[in-house]
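There are structures below to look over.
Two complexes follow with subunit A in common, the first pairing it with subunit B and the second with subunit C.
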Partner chain A sequence: MLKYTFGRILSGLVTIWFIATATFLAMHAVPGDPLMNEKATTPEIRENLARKYGLDKPIAEQYVIYLGNMVQGDFGISFTQQNRKVNDIIQDHFPVSAALGILAITFAALGGILWGALTALYRNQLPDIIIMFLVILGISVPSFVFAALGQLLLVNINQWFNISLLPVAGWGTFAHMIVPSLVLGLGTMALLTRLMRSSMLEIVNEDFIRTARAKGLSPSRIFFQHQLRNAILPVVTVLGPQIAAITTGGFVVELVFAIPGLGRYFVQAVQQLDYTVIMGTTVFYGAFLVFMVILVDIIYGFIDPRVRLK
Partner chain B sequence: MLDFDFHDIEPMTMPKILILTLLIVTFANPAMAQSVDAAAQTVKIALAQEPPQLNNMTATDQVSIFVLGHVMEGLTRYDRRGNLAPGVAERWELTETSATFWLRKDAKWSNGDPVTAHDFVFAWRNVVDPKTASQYAFILYPVENAEAINQGNKPLTDLGIEAIDDLTLKVTLERPTGYFLKLTAFVTTFPVQEKFYRATGSAYAADSKDILYNGAFRISDWVHSASLKMEKNPNYWNSEAISLEVIDAEYITADTRARLNLFIDDKIAYTQLDGETYKDALNNQFRIKKFVTGSVYFLEYNYRPERITHNKKLRQAIQAVFDADEFVNKVLQTPGNLPGASLFPSWIMGVNKPFRQEYPAAVTRPDLAKAKQLLREAKAELGLEAIPPLILLVSDSPTATKQAEYMQGMLKTKLDLDLKIDVQTFKQRLAKMTNGDFDIVGAGWGPDFDDIMTFGDLFASWNLNNRGRYNNPEYDRLVRKAMNSNDPEVRMAAMAGLQTIVHEDAIILPMYEQGVIYLQHPKIKGMRRTVVGSDPDFTYARIVP
Partner chain C sequence: MGTHKLLEVSNLSVEFETYGGVVKAVRGVDFSVDAGEVLAIVGESGCGKSVTVQSIMGIIPMPPGKITGGSAKLKGGEILGLQAQAANQFRGKEIGMIFQDPMTSLNPTMTIGAQIAETLKVHRGLSTQQANEIASELLIRTRIPEAQKRLNQYPFEFSGGMLQRAMIAQSLACSPSLLIADEPTTALDVTIQAQILDLLKELQSRDGMAIILITHDLAVVARTAQNVCVMYAGQIVEQGSVDDIFYKSAHPYTLGLKLAMPSNVSQQNKKLEPIPGSPPDLFSPPSGCGYAARCPHAMRICHKENPPLFSDARAPHHAARCWLQAPGAPKTQGLYQTNLIASHGA
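What follows is the complex of A and B.
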């Protein structure tokens, strides 16, 4: 188990190095000058800025300096907010994205497992058809549509009943999180429902289920202890990357609901060619994704002992 | 081995969680405060983005300037009617060669220290210091040696600013600058206390505690990208004149629809609209207000010799078919925009009246026959059978693309001219503009200060913002003439000459003067919209019951 874990971590580090290098090269290949702004500046001022950010050095040297700083956990200073460290940006805004993401994934996982199991139980009956229809809707409609619709619905509810049921946007209390996290988790919930359904259907006809039935176990015991537990394995596999995707992919939801998450910085940095923030957020997200995948692999080892033996 | 048994979970748990959640929501969320409060004199708003730079010496963007205009103050300021009024300086004297300011004794920083002449000397030196790399350093170029220092040719101490004593500031001018006082109301020229600045180091203005305030308000709470709260500054010298207690930017989002939703829900008291949200605002029967922002939008040509747009007849042909009225009515989706006619917007002041009333811009009525004739002449001059496709460089905003498509269709049907639209993101468009990688570029210009020169020198040969490299000695001569005079008659006559050149030479194709539409809570009185500086200005606003 230890050797297995160690191997996974090592390959994870190589992946992160690869992400950092690829982002660095791609970013510098994008046309445009990060130091340029709407108002033209004199060559002298541009030179001074270039020196401040180390862009006056050859690209190979910049890369070496960059990797050195990265290993020490220093991502430098933002180009757009010239008095803010990228580390501070990540520290201030990732917890927001994470809190939102965790709630979203909780909704998604609970809902996905529940609906998935239900559709399998009522296969080809009305509940199955209704839920699967909603699932297709959830998978195919992008989150910005749900975000806008969700917000509009809230505004209308508040107007009709002349109450403040839930805040329309903003951040700070648990009430602020409910609608955005539902919207954010919807796609994943749909995905997990489908996954759970097919995996449940596979298991329903397995020998050990038939044995359990033959032994006279109660249907609820068969459902919870035998079917659910075995069917949940594929769900756990995708849960890791999904957590990473949800906590990092909330740009639109953050924008619509005015949430101070890291996703906004991630996207805006690319538009602004903010080199240090692009690198910082990409490497951080990359590392986070790799970490989640490794974590899932290890948890998988606990749930399914066969994995460790391989 | 982790032993996790699903049997442990009771089936009742899920409903229980749901009920619990609902209870939390219901009780944690009593009737929330509304967007305005007359008793507490509080107004809630949303910012379009996190202010990227609250260091006034380097700030350039609208949101930062909006905040800074409320929390800091320069030597002069704008009063509730929009006239220049005393700020930190009680009185002043402006001559052709110098400006002297006498500072008030009761101007204080938010830590209680007095605001002194030294704070201005420190800040201004810092602005022109090439190491600071401030993009707005040119604002101070009328000060003696500022430009030379900014280009690294003279030491900082050569800057023409001197603290005679704590309360007397003397500025030596490089050349006569009639509008110099207006510059002292702009954020770039605001004071900074050296002691405090040095103590915060590179983190100056990174957080609310990292700034010293001397304005009508101070930032009491700033959660990055989430909210920014400004409270009345008790140390402000004129705090009796300030009615508002709190300006609370509780939301930060660039999404105009989200902001409209917040307005409908009475969570914010002011929001700007765009083409998309305009109709919803109408449907909600809100009273829509209009404001001309002061910016002009135009097509700018490339004058580099290898580009065929350097041919005057070609530019004039395009000018002769363009109908600004049709453009504003058909293409722009929101009301409030004015058809473009000149480089100078209609609000710019002349000698006594608006410049455009004193010197009306030439009117071009679309004339297809003339345009076709001009195009034939252009082809003859260029020795071309047909004009090759012209590259029109635009930004990637939906409005810019729509405008470009209109031009493409119009020129094709009327003149059989082909336009190739090159849509680029912000930084890429800038890079292409600077490198001259275009024939025509969709551009705009907003005023940096309240004087005609902020537009006038745009196409001077030395201006770095003249990206098409237009070069005309007569244009340059007129700009210099206006720059070196304090006499409004002389200056405006020179600018009228520029206006004529812009039109006759078809330097640009003026498209429109930008107007915006917005919603404002009816209980807010005295909120001032302004074309330069902090807009909208809530300084003298109040909430009526």
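What follows is the complex of A and C.
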């Protein structure tokens, strides 16, 4: 298990290096540079700024310097936001995205497993048909539609009953998080429901379920002890990438609900060619994704002994 | 045992509804098992032998499966078609069961010990510690070395033979009076097969437990059973003691099975003789004898009317479902004809 974990971490580091290199090259391949947006620049000022940020050096040298700083955990200073360190931007805004993402993935996982198990239990009956219809809806409709609809619904509810059930936008309390995280988790929930359903239906026909019945176990015990745990394995597998996707992909939802998450900076930086912020956020997101996948692999080992012990 | 047989099955009929139509998998099966008896049910694939015992246990998938008639009485009490809660009073407790493929018949994410202990906890209300102690004893009884260590291992860490031993240990947990072994050695290689059969015989003779052994292997039958039911196309075509079946085969199908069996005695001129044709379509079973189309001795009546079970006048437990056993039937070479012998011999 230790060797396995070590191997996974090592390959994760290589992945992060690859992400950093690819982003660096892609970013420099885009025409223009971050200093072009500066107002009232004479060639002298531009040159001075370029020297200050090290942009006058050859690309290869910039790459080496950049990689060196990155290894020490320093992503540099933002080009467009005066004297703001990239590390500070991540530190200030990632926790917001992370909190939203964790709540969203919790909704998605619990909902997905519950609905999936339910549809399998009522296969081809009314509850199954209704839930599977909603699942198709959840998978095909993009999150910004749900975000807008959710907001609209919330405003109407608040107006009709003249109450403040939940805040419509903004950030600060747990109540602010509920609707955005539901909206954010909806697609994943639909995906997991489908996965869980097919997984449950596969397990029902396994020989060991027949053995469990021949042992005289109650249907509920067979369901929870023998069926659910084995059916959950494929769900856990996709959970890792999904956590990362939700946490980092909440840009639209963050925008609609006016949440100060990291997503906004990520997109803005690309528009403004803010080299250091692009690199910082991309590498950080990449590392986060890699970390989540490794974490899920390790958790998988605990659920499935065949992975742990082989 | 009193007046009741341990298990008495009569007129059991089971159907499966499929897209192609209704499959009549079991068509009126009668047999009984005494305490301590080893009964073998033999027949080729698809003859309904597994469906028969799985219906008794109530573990055929329903739907598509459906028990359309008959009864199964365990110590006099009806057990056929019970709801899960009522059925669990005997499943795993009075009747234990082991299956064909031990590799897939155990839960891959639970330790062997936990799976054996589960039965004990559910049926006997034992604590985890007590259950584990008994589980360890069971592994020792089924000859699994290093039982204590093995308890905490998972199925994938066991070999096929060891898994079948663990399955047996699990099914013995509540000291059942009947063990149903559904092709217990089919997935195992020959040496392991012999070991498992020896183990079953040993447990049976020591604990006085009855066994129903489902198999398609006549060698396994000869080695293990006292009594035999030969099944064909969803019906029992011949039943009797092992000696009856092997030395006084009274049904052409039993005879055919024997001729198709390889022998380890070197006989240069002896050829294996396969039974020509294939079993009848159980979507629409023939109105006559199911074997008539393949039978070398078939008569006109065989195609028209399904024969009843004719029993040996001198040994009534030996019976065959064949018109050749009817009084006045023509004499057939190689076939033990009970009524002819009975009437001529007297």
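One rule holds for everything that comes next: the second predicted complex is superposed on the first by the 304 of 310 C-alpha atoms of A that agree within 3 Å, B and C clash if a C-alpha of one lies under 4 Å from a C-alpha of the other, contacts with A are read in each partner's own complex, and residues count from 1 in each chain.
Criterion: a residue touches a chain if its C-beta (ideal position, glycine included) is under 8 Å from a C-beta of that chain, and two chains touch if they have at least 3 such contacts.
Being a predicted model, the structure only gives us computed values, none of them experimental.
Placing subunit B and subunit C on a common subunit A by superposition gives a fit, with no clash between them.
Between the C-alpha centres of subunit B and subunit C, as viewed from that of subunit A, the superposed structures give an angle of 160°, to the nearest 10. In the superposition on chain A, A:D304 makes contact with subunit C only, while subunit B stays out of contact range.
Contacts of A:F208 after superposition: subunit C is touched, whereas subunit B is not reached. When subunit B and subunit C are set side by side, the one touching more residues of subunit A is B.
In the superposition on chain A, contact of A:R229 is made with both subunit B and subunit C. Contacts of A:L152 after superposition: subunit B is touched, whereas subunit C is not reached. When the two complexes are overlaid on their common chain A, residue A:A175 makes contact with subunit B while staying clear of subunit C.
Contacts of A:R221 after superposition on the shared chain: both subunit B and subunit C are touched.
Using the contact criterion defined above for the overlaid structures, shared-chain residue A:R84 touches subunit B, although it does not reach subunit C. Once the two complexes are overlaid on the shared chain, A:P31 sits against subunit B while remaining clear of subunit C.
Contact with neither subunit B nor subunit C is seen for A:K3 once the two complexes are overlaid on the shared chain. In this overlay, which is a superposition and not a single complex, subunit B and subunit C have their closest Cα atoms 10 Å apart. Looking at subunit A, you'll find residues 221, 225, 229, 303, 305 touch subunit B in one structure and subunit C in the other. On the subunit A side of its complex with subunit B, the touching residues are 30-34, 36-42, 44-46, 48-49, 52, 77, 80-84, 88-89, 92-93, 96, 110, 114, 148, 151-152, 154-155, 158-159, 163-175, 178, 220-221, 224-225, 228-229, 255-261, 264-265, 271-273, 302-303, 305. Across the complex, subunit A meets subunit C through its residues 205-208, 210-219, 221, 225-226, 229-230, 303-306, 309-310.
Against subunit A, the residues of subunit B that register as touching in their complex are 1-2, 5-7, 9, 11, 14, 21, 24-25, 28-29, 31-32, 46, 50, 52-53, 55, 58, 60, 130-131, 133-137, 150-152, 202-206, 210, 223-227, 250-255, 257-258, 261-262, 264-265, 267, 425-428, 430-431, 434, 463-465, 467.
Partner subunit A is touched in their complex by these residues of subunit C: 57-59, 61, 84-85, 87-93, 96-97, 99, 101, 104-111, 118-119, 122-123, 154, 156-157, 167, 170-171.
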